[in-house]
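Each of the next two complexes has chain A plus one other chain: chain B in the first, chain C in the second.
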Partner chain A sequence: MLDTVREIETPEGISLRLRAAGAVPRAQAWMLDLLVRLGVFVLAMIPFSLLGVGGNGLAMLLLFALMWAYSVVCEVWLGGQTLGKRALGLRVVNADGTPVTWMPSVVRNLLRVVDALPGVYGVGLACTLIDPHARRLGDIVAGTMVVHAAELPAGTQVPKVAAIAPPVVLAADEQAALVEFAERSGQLTLQRQEELANLLMPLTGRRDSGAVAQLIAHANWLLGRA
Partner chain B sequence: MKQERFVAMYGSEWDSLQFWLNALERQPKRTLRQEQALDFPQSYRRLCHQLALARGRGYSREVTDRLQRLVQQGHRVLYRPPAPRWHRVAVFLLAGFPRLVRSQWRCMAAAAGLFYLPALVTLLLLQLHPELAHTVFSSMQLAQFEKMYDPSNAHIGRSSGTDLQMFGFYVMNNVSIAFRTFASGLFFGVGAVYVLAANGVLIGGVAGHLTAIGYGGPFWRFVVGHSAFELSALVIAGGAGLQLGLTLLMPGRQRRGPALVAAGWVGAQLALGAFAMLLMAAFIEAYWSSIAALPDVLKFGSGALLWLLVLGWLWRGGRGRGDGA
Partner chain C sequence: MELERISVVLRPRAPREALDLGAAMLRANARAVWSAWFAFTLPAFVLCNTLGVVVGLPWLGLLLMWWLKPLFDRLPLYVLARAVFDRAPGWRATLRGQRQWPWGSTWAALSWLRIDSNRSLRLPLELLEGLPRRQRSARWSVLRRRIVTDASLLTYACLQFELVLFLSVWLLTWMLVPHEWLPDSLRDFFRVDVHAASTAWMLLSSLVAYLAMSVIEPLYVACGFALYLNRRTQLEAWDIDLAFRRLRQRLLANGKALAVLLVCAGCWSLPVHAAISPQALQAASPTSLEQVFRQPVGAADRRFADAAAEAYRDPRFGGERKTREWVFKYTPAPQAAATPMQPLFPGFAGGVAMILKLALWLLLAVAVAALLRFVWRWRGTRAGVDAAAVSRLRGLRTQVVADAPLPADLAAAVRVMWHAHQQREALALLYRGCVEQATRLLQLPSSLDMTEADWLRQAAAMADRARAQRVVTIVRTWQFAAYAGRYPDDAAVESLLAGWPAQAGAPA
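Coming up: the complex of A and B.
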C-alpha cells in the first residue's frame, strides 16, 4: 500500500496499524500548545505580579515548567496527547504502538531543541519529509512516532437481499473481491457499479442493474445469509 | 464457518468489550474497579484470536475493520505505561545516576577536559595579562560583574533581586543551558563541545578578571558553595551530549538507529540527573551563596564539603549492591 501506515506485530501475533501524522497537523498542534502555554503564563502573571519581586522568581519557574516539562507531563499523563495534539487527534506512541512512556517522552522533548533549529523547526520539517514514518530527529532517537489517534470508520454492511449461490466455486480472493464490491456499492455511483458488474458478465450472465443485483445476492450467499 | 454465523456467535462479546473500553476512557478509575477489568486480558487475547481467524478466513472488512479497531483500543489499555513510583526516583538519584555517569566515564572525562582546560587557561592568562579581559567581555559586562562582586555589597553575586527571584532565574537559565548542551550534542557532538568550551572561557574569564582586579574574595566566597553541583552538572550534561554525538559518528557493532535509541535513553537519564543537580545548585546559590556575612571558614569549609560529597557520590554511589533497588 502506498501510504503512511506502519504495521507493528504485537505479542498476540496480530498487527497494529499506525497511521503516521505529517508535518502540517503536528505544526497546528504545536501552535495550539503554544497558545495554551501563553495563556497559562499570562493568567498566572496576574497573581504573581501582586507578590512583587519574588513573583518574578515564580514566573521564571513557571516559564521553565511550561518550556520543558509541559509536553512530557501531558504526553505521559494524557495517553500520548498534549492538549494541542488532543485537539488535532494526534497521539505519540512508542515503537511498539503503546502509549509513550517517561523516558522516550523526555528524549523526544529535549531533542526538540535540535529539531527547532534553524528558524522554526527547519530540521524537524526536513526530517519529517524524508522519514517514511514522518518522524523528526527527536522521534527517531526516542524511538517514538506521532500517529493519527482517530480510527478510520469500519466497512459498511452489505445490503441485505435474498441470497443466490454463485454458479461456480470461487477462489478465496475472488470471494473477497465480490464481497468487497458489495460492501462498497453504497459509496459508488450507479454507473460505476454497473461498469464494474459488467466485467463479470461470464459469471452473472446479465448486464447493468441486473448484474449488480445478482452480484450483491452472491455476496449475501458468501456471507452466509439465508 | 460463514461470516454471518461468526458474527452471531461472538458479536455480543465484542459489543460488551467495546462498551467497557468506552467507559474506561470516560471514567478510568471506576471502570477499572469493575469485575470485567479482571477478565480484560483474557477477553483481549480472545479478541486477537478472533481477528486472526477473521483475517485467515477472508471475512469482509465489516468484521475485520471492526475487530481491528477494537484490538487497537484494547492494546493501548493492556500495554499502558505503569504508574510512576517515587521510590524509583530516589533509587535512580542515589544509585542509578552515579553508575550511569561512571559507565560513560570516557565522555565525562572528555567533557571535563573541554570545560576545565579553557577555564583554567583563561583564568591564568588573565592573571598575566589582565587587559585580555576586554577581548572576552564588553566593558558593560565587565562593569556589571564588578558591581555584582563589589566587596562592599551586602548580597554578593547579584546587583538586585530577592532570593526567590534569583532561584527562579538560576533554574530557568542554568537548566535550559544544560538541556541545550545535551541536545546540541546530536550534531556529531559539535554543539556540546562548543557550549562546554565557551562556558569554560566565560567562567574562567569572570573568575580571572575579578581575581586580577582584587575582587576575588567575594567572588570565590560566592561561587564555592554551589560550584560543586553546578559545574559537575554542566560537565555531565555536556558528556551526555558528547556520548550522543559520538554514537551517531561511531555506532559500534549496531545499526545507527538502535544505537541512537540506546544512546538517547542514556543521555536523557543523564540530563535528568543533571537537572536534579542544578536544582540543588540553584537552591544553594540563591539561599546560601548570597549571604555575605559569614566567616570564610564556614563558606570555604562548606564548599569543600559539598565538592567531596558530589565527587564521592558520583564515584561510590550505587556500588556494592547488585540490583540497586
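Coming up: the complex of A and C.
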C-alpha cells in the first residue's frame, strides 16, 4: 500500500507516524521565506542607506545573517519551523522524529549550497522528487526530514445517543472505523450514510436509518459514554 | 465501485498532504508512466519541431509542445488511474486505451480552457467519471469547493519547477565551460551564433524545455489525481467503506454472523436472514476501470440514474439552498450629486464661517485645557493616596515582637506603651500576656500555633465565667485593633488592665 508516512517504533512499542512533506509544499514554504527575508532586507536598507559606507557594511552583515542564520535560528528556537514552514504547517525533525537540534540544523542549512547548485535549486528539486521521503541532499546528510505538522482534518463531535454495546468483540482498527463513521457521518449525505451502514448488516442486523442509528449508538459505547 | 482493489492508503489528508501522495504514486509507477509518455510525446516533439523548421518559424515547436500539454496529460492519468485500482498497464495498452476516453474535455482544454489553473483537478473528473455535461458542472462545483486554491497553487508550483529545471540545464552547461574559454565563447555566441545559428539554438531550447516538461507534467497530473482521490475520500468516506467491508467479511467468515443475526432478528424481529448470503458476496468482481467507475453512466441502468438524480437533490451536491442575509428594508433613494451652491452674500457667509471656525478652535482649546486640568488633579490625588497608603502600611509594620519575654508588671508596661501612642504594640503585649495567663490557668501545653479563634473557644471551656469573659474581651479588643484598626478609648483600656490577666495575682 502506497503512503507518504514514515513509521517509527519506539522501544516502548509506540509507533510514531511522520507524514513526510513533498516538493510542492516545501517549495511554497521556501518562496514565503524568501519573500519575508527580502521584505526585512528592504526595510532595513532604508535606515542603512543614511549611514553611508558604514550602512553598507551593516547591510552586508544583515544579508549574511538572513542567508545563513535565519533558517538555523528559526528551526532550533521556533520548534523546527521557519516562518514559511509555519504558514504551511511544515516542521523539520530529526529522522527519528525528535525535535531538530543545533548540529543537524546547521548541517542541513550549510548544504543548501549544494542543493541550490546551478543557482536555482535544480539539484534540490531533483533530489526531492526522487527520494521516497522527499528529502534534499542536506536532509539526507544531516539525518533530518520535513514533515507535515498541521492537524488532520477532523470530523465533528459524535452525536450523543444512548450507548449500545456491540454484539461481538471488535479489533482496535474496527472500533476506530466505527467511531470515525460516527464523527464524519455529518459530512456525508444520508444515502451514503445508509449505504455504509448497510455494509455492517451482520453487526447491526438492521438496514438504512436504523443501521446508522445503531452504529452511532455503538460508537457512543466505544467512547465510554453511558 | 471496487474499492478493495485500491493500492494507496486512504485516510483523511489535508490537501497539501494529498499532493505528496501524488508524488509517491508517480514514483511507484515511474516506469509505466514515462514509457507511455515518451512513446507518445517523442514523436509529437519531432513532428512539431519539423513543422516549425519547415514553415520557417523555429519557435513554433516550443509553443506547440507547450500548447499540447492537456493532450499529453491523458497518458499519465490513464496509467495512474489503472495502477491505483488495478495494475499499471504497458505503454501499448495505454496508447490503445486513449480511444475509450471521451475527447470533448480535451478539445476544451486545448482551446478555451488552455489557461485554466484547475486543469489537474478537471482531468480526473472529466475523463474518469464521464458524466453528462449538466451533472458534470454540478459535480465540479462540489468537488472543487475546498481544494480549488490548492489546485491553483499546484499549477503555479509546477510552472516554477519546470522553469527551474529548464534554467538548471542551461546554467549547469554554462558552469561546465572552462573559465578561460568563457569570454571567447560568450563573444562568439552573441556575435555569431545567435544570428547565424538561431534555428539550432531554438531547437536546443525546445529540447531542454521538452525534457523539463517530461519530468514535471506527469507529476502535475499525479498530484491533481491525488487531490481528486482525497476529495472523494472526504466526500464519500472511502476509508470507512474499506474498513467496514473488512469487518463485514470477518464477521461473515467467522460463522458467528449467523448466530448474531439470529439474535438480532429475535431482538428486532426484522426479516434480515435472506439479505446476506454467501452468494451475494461472490458477485462477479469487476476488473476494468469502466466497471470501477461505472462508465457509461445511466444509459441502461434506470434505477441508478434515479438514485443519482436523488443524490444530486441533496443540498450538499448543489441544487437549491436557502441563505439568510440582512438587507435594507427601504432602499435609500439615490442622492443627486450635490452641486456647490453659490452663497447669496459672499462677504457675510465668509464672516460667519470665520466666526464658526474661531469657535471651533476655542472649543478645542477649552477641551485641551480641561483635559490638562483633569490630568493635573488626577496626578495630585493619586500621589496623595499612594503616600497615605504607604505611610499607613509603614505604621502597620511596626515591631510587634512575639518572642520577647513578658515584663514582670504587665499592666504597667502596657499602660506606658499605650500612653506613648504605641497603641497597637500595647494591645499586642496585653494579648500575649492574657494568652500566657490563660495557658497557665488551663494548664495547657504552650503552643505557638493557636489563633485568636482558638482562644475564644478555650475561653468558653473555662470554669470561671468572669475570667472567661475577660479573656474574650481582651481577644476581641486585640482583633479589632489588629485587623480593623479600631482602638478602644483610654477608659476601656484601663478597665482591661485592672484585674486578672494583666495583674497576675489579682482576682477576676
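The rule is simple: the second predicted complex is superposed on the first by the 148 of 226 C-alpha atoms of A that agree within 3 Å, B and C clash if a C-alpha of one lies under 4 Å from a C-alpha of the other, contacts with A are read in each partner's own complex, and residues count from 1 in each chain.
Definition applied: a residue touches a chain if its C-beta (ideal position, glycine included) is under 8 Å from a C-beta of that chain, and two chains touch if they have at least 3 such contacts.
Keep in mind the model is a prediction, meaning the values are calculated, not measured.
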Touched partner set for A:32, first chain B, second chain C, both or neither: neither
First (chain B), second (chain C), both or neither touched by A:180: both
Chain B versus chain C as contact partner of A:3, first or second or both or neither: second
Which of chain B and chain C A:87 touches, first, second, both or neither: neither
First, second, both or neither for A:102, with chain B first and chain C second: first
Chain B versus chain C as contact partner of A:63, first or second or both or neither: first
First (chain B), second (chain C), both or neither touched by A:201: second
Which of chain B and chain C A:152 touches, first, second, both or neither: both
Chain C-contacting residues of chain A that also contact chain B: 152-154, 173, 176, 180
Complex contacts: residues of chain A adjacent to chain B: 10, 12-14, 16-17, 53-54, 56-61, 63-64, 67-68, 76, 79, 95-104, 106-107, 110-114, 137, 140-143, 151-158, 172-173, 175-176, 179-180, 183, 222-225
Residues of chain C touching chain A in the complex: 7-9, 12-14, 16-17, 19-21, 23-25, 27-28, 153-154, 157-158, 160-161, 163-165, 167-169, 171-172, 175, 215, 219, 223, 234-237, 239-241, 243-248, 250-252, 254, 256-257, 260-261, 263-265, 267-268, 270, 272, 275-276, 307, 310-311, 314, 316-317
Touching residues on chain B, where the partner in the complex is chain A: 1-5, 44-45, 48-49, 51-52, 55, 58, 60-62, 64-66, 68-69, 71-73, 75-76, 79-81, 84, 161-169, 171-172, 175-176, 179-180, 182-184, 186-187, 244, 257, 260-261, 263-265, 267-269, 271-272
Interfacial residue positions of chain A with respect to chain C in the complex: 1-5, 19-25, 27-28, 31, 88-89, 117-123, 125-126, 129-130, 132, 134, 148, 150, 152-154, 167-168, 170, 173-174, 176-177, 180-181, 184, 187-192, 196, 199-207, 210
